[in-house]
Amino acid sequence: MHRITKITGYVAIILVVLSFNFFLPRLMPGDPLSFLTGAPGMDMPIVLDEETRAKLLTYYGLDKPLSQQFYDYMLGILHGDLGWSIYHNAPVSDILIGALKWTFLLVGTSTALYMVLGILLGAISAWNRGGKSDVGLLVSLLSIGSFPPFFLGMLFIILFSVKLNLFPAFGAQTPFMEYSSLLEEASDILYHLFLPVTTLVISHIGGVYLLMRNSMLNVIGEDYILTARAKGMAEWYIMRKHATKNALLPIITMIALRTGFMIGGTILVETVFAYPGVGRLLFDAVMYRDYPLLQGAFLIITLVIIAANFVADMVYVQLDPRLKHD
Amino acid sequence: MTLLEITSLKTWFPTRDGIVKAVNAVDLKIEDKEKLGLIGETGSGKSILGMSIIRLFHSSVKINIEGKIMYKGKDLLRLSKEEIRKIRGKEIAMILQNPTTSLNPVLKVGDQIAEAIRLHQRLDKRTAREKAVEMLKAVKIPSSDKMANKYPHEFSGGMKERAMIAMGLACDPSLIIADEPTKGLDVTIKMQVVKLLREVTKQRSMLFITHDLGVAAEICDNIAVMYAGELVEYAKTEDIFKNPLHPYTQGFLNSLPERGLKPIRGMSPSLINLPDGCRFHPRCDYATGICKTRHPEMVEIENGHFVRCLLYD
Amino acid sequence: MTEIKDLNRFWNAYKESRLGLIGLVILLFFVTLAVFAPYIAPYDPHEMFKPMEHPSSDHLLGTNDIGQDILSELIYGARVSLFIAFFVSVVSGIIGTAFGLLSGYFEMFGFFLMRIVDAFLAIPRLPLIIVIAAFMRPSIWNLIFIFIILGWPITTRIIRSEVLSLRTRNYVEAARMVGAPDTYILMKHILPNVFPLLVVRLIIEASHVIIAESSLSFLGLGDPVVKSWGMILHYAFVYPTIFISDLWMWWMLPAGLCITLTILSLTFIGYALEELVNPRLRGMTRI
């Protein structure tokens, strides 16, 4: 019963997002196509040839009634038709799929790293509350987490790419390179992945660290920790077996919500490092006023985040034995 | 044979508002197979006294413990962290208050019992689990095999208390410290728990901490009364009831429902700002001028009956 | 009378947190820069001199690509960045608290409002802002407007859950039984207890806005005339030789550090406040 309400909720949100995507260009001041044809008052008039203009008109279907447009739009989404990119002159869905794999690689690696590290460091900090390691971790993580991701990225480029020449400053792979083996390709990818991932991890580890630390501090004060100690269990065992699971429960959902925040950082990091992911595509689309691509990228990003939230919701219910029996 | 001997135990907590003097120079002895009751109201320091025996405090809590606690030839307060861990659960087991919060909600009850067994007796997982089921049976929990696989929230209040007792007994300790084992339980359940405790501690010593004198009377051989961090009276159970000497003990007895529910006037003192002289004098009907300035010593009035009061000094 | 005493007690407790004090000092520094910008900055930030000048006695941080003095830009940038951050956090805080109080206290209203809040929160903030900003003219007030619209839902949710738990407290029940009107209960009993939470939220929201605004500006979507720190970084970043030469040292680094330090100060202050407000986190040692 509970599950059905949850799923309906998510479906509703997806519909809201889709509608938002549909209505946004139509709600913006002025005739929707004026920004495409460069009406007076716009900053970046774009000159379109007749062919592209006709394609876009059909895409937006502005001659048809609104309900018809909406229906066509929804149908198109279901078929994976996200429109035609002006700048890249190719179907939006193709471009997005090519970029998605890079974003997944970047976000996946970073998330795994900062979550594991953040949880571990948060637990250690809480267990040694007030001690040297706690204060040191707290101050340093809070401080380096204050660097905006794009600034941090720029500093890394200057330090590691330009000055020390250790890592490349842009791209996901070395351009025009021929690989002799899978291993060589993998290592080239990792080589390019290193700085962006480090930037993202440093930017986000502070949040999870604090969450875990707080949650752990709450758990430490609980009676069952005393009971475990009364049985003679070792401190690290208690921290691992008794405390961590209890401390993780309330923050699992919060961690999933953080993926939403992480997207912002990802867009910035991809831009700074010219990493060919969806975030960078979004940014380019904004720069070139490539509206179909813009909408498509935004839609994909939002859907992925909603999916992440959904997964977290389901996982949480599985983990807490008290909820399983309701 | 004296199993545990506490000499001059002081447990103090420095806090921002002042030093909390929870236990002040307490002397106590527990013999082999003796059941000693430790009676006092909330805030008297009795739980802290129990915890001090096995130094059950979180490492980040600032605490000062002084004195001597001799157990089987060793001073527990001088042992290293490793050594005291070996004692906890195995030699001296403490059953903490409030089983609802003292059991880990995300671990199965059987596992929580088994882990102590695995640690102290070095048994493998399966044998330890079998022993855990045995323990649940020993505390009269029905379908012990099934219940061992369940989580604490699936147990009733009385069953949770029994599970705590099972956890305490699992490694066959010589001394059990039971902190308020009957608090919050229905009267019938209370009696069942008391009966159970009587049975399982036949061959063991027990320090029974409670504010419920009636329950203590059922189990304990001797009773020590604690007030504001120190012992004010000590005697055999029957002597406490027949001939309570300290005004606080008398007041305590009078506050029982059977004796009229007469409360002791005033409030329990702050453990940071203890009254001068006799700690009880602000609430004592028999207090005289000297009680305000002189702190009484513990003296033996009759055979085995001690009291700390200027009335008898 | 009691309010002054409470404020004193609050300040005394706050003073104990070293991080909180450091944060406060840094923030006050930037606020001073912002408030007294016209008196501190050596030049008008729009005035144009010789472009791409290296740091000299005339221009301590050199000039940018169109000849404006970078140091003056930086000082005036404090005004822009801080103004946006605090304006947005206060206004969205007020709106969020008002909605939070109402939705926590009145069931029906709360149910519908929370659906809207859920929808807002499900959509990721930065991409949404980027998309909206792409369709709108980049100006400071447009940015502020967007941030406020996107900022109030989180505050509403937090305040609402606090109100829900406060509603069941004894003194609230008692007041209702005596027949006190709802507005009275809200104002007298619930709002004062929600206040500490609100203050913490304000600080955290301000730090988020600074990050969001500087990120947006960095991407080129900020106000090109009323330059914030993020905008300075944008122009630096798109300049071709920014990384290869030493240009970054005086053009990029100071602006980035200003943003970082401001966020740092707000983070420290927020941390200190949270320790005060949440007693479970308190221990013997204050960090």
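The first chain written gets the first letter, and so on, giving A, B and C; residue counts start at 1 in each chain.
In the analysis below, a residue touches a chain if its C-beta (ideal position, glycine included) is under 8 Å from a C-beta of that chain, and two chains touch if they have at least 3 such contacts.
What you see is a predicted model, and the numbers here were worked out from it, not measured in a lab.
Chemist: Of all chains present, which has the mean Cα position farthest from that of chain C?
Modeler: Relative to chain C, the chain with the farthest C-alpha centre is B.
Chemist: Counting C-beta pairs in contact, which two chains come out on top?
Modeler: A-C
Chemist: Can you check how far apart chain A and chain B are, centre to centre, with Cα atoms defining each centre and the answer in Å?
Modeler: That gives a centre separation of 54 Å.
Chemist: Taking each chain's centre as the mean position of its Cα atoms, how many Å separate chain A from chain C?
Modeler: 22
Chemist: If I count partner chains per residue in chain A, which residues reach a count of at least 2?
Modeler: Within chain A, the residues that touch at least two other chains are 129-130.
Chemist: Please set out, as single numbers or ranges, the residues of chain C touching at least two other chains.
Modeler: 283-285, in rising order.
Chemist: Any chance you could list the residues of chain B touching two or more other chains?
Modeler: Each of 60 in chain B touches at least two other chains.
Chemist: Over in the complex, which chain A residues touch chain B? Could you list them?
Modeler: Result: residues 128-131, 220, 222-235, 241-242, 245-246, 249, 320-322, 325 of chain A touch chain B.
Chemist: For the complex, give me every residue of chain C touching chain A.
Modeler: That would be residues 19, 115, 118-119, 121-128, 130-137, 211-212, 214-215, 218-221, 233, 237, 243-244, 248, 252, 256, 259-261, 263-264, 267-268, 271, 278, 280-281, 283-285, 287 of chain C.
Chemist: What residues of chain A sit close enough to touch chain C in their complex?
Modeler: Result: residues 9, 12-13, 16-17, 20, 24-25, 28-29, 35, 43, 129-130, 134-135, 138-139, 142-143, 145-151, 154-155, 157-158, 161-162, 169, 210, 214, 217-218, 221, 257, 260-261, 263-264, 267-268, 271-272, 282-283, 285-287, 289, 294-295, 297-298, 301-302, 305-306, 309 of chain A touch chain C.
Chemist: Touching chain A in the complex: which residues of chain B?
Modeler: Spelled out, the residues of chain B in touch with chain A are 54, 56, 58-60, 85-90, 93-94, 96-98, 101-107, 112, 115-116, 119-120, 151, 153-154, 164, 167.
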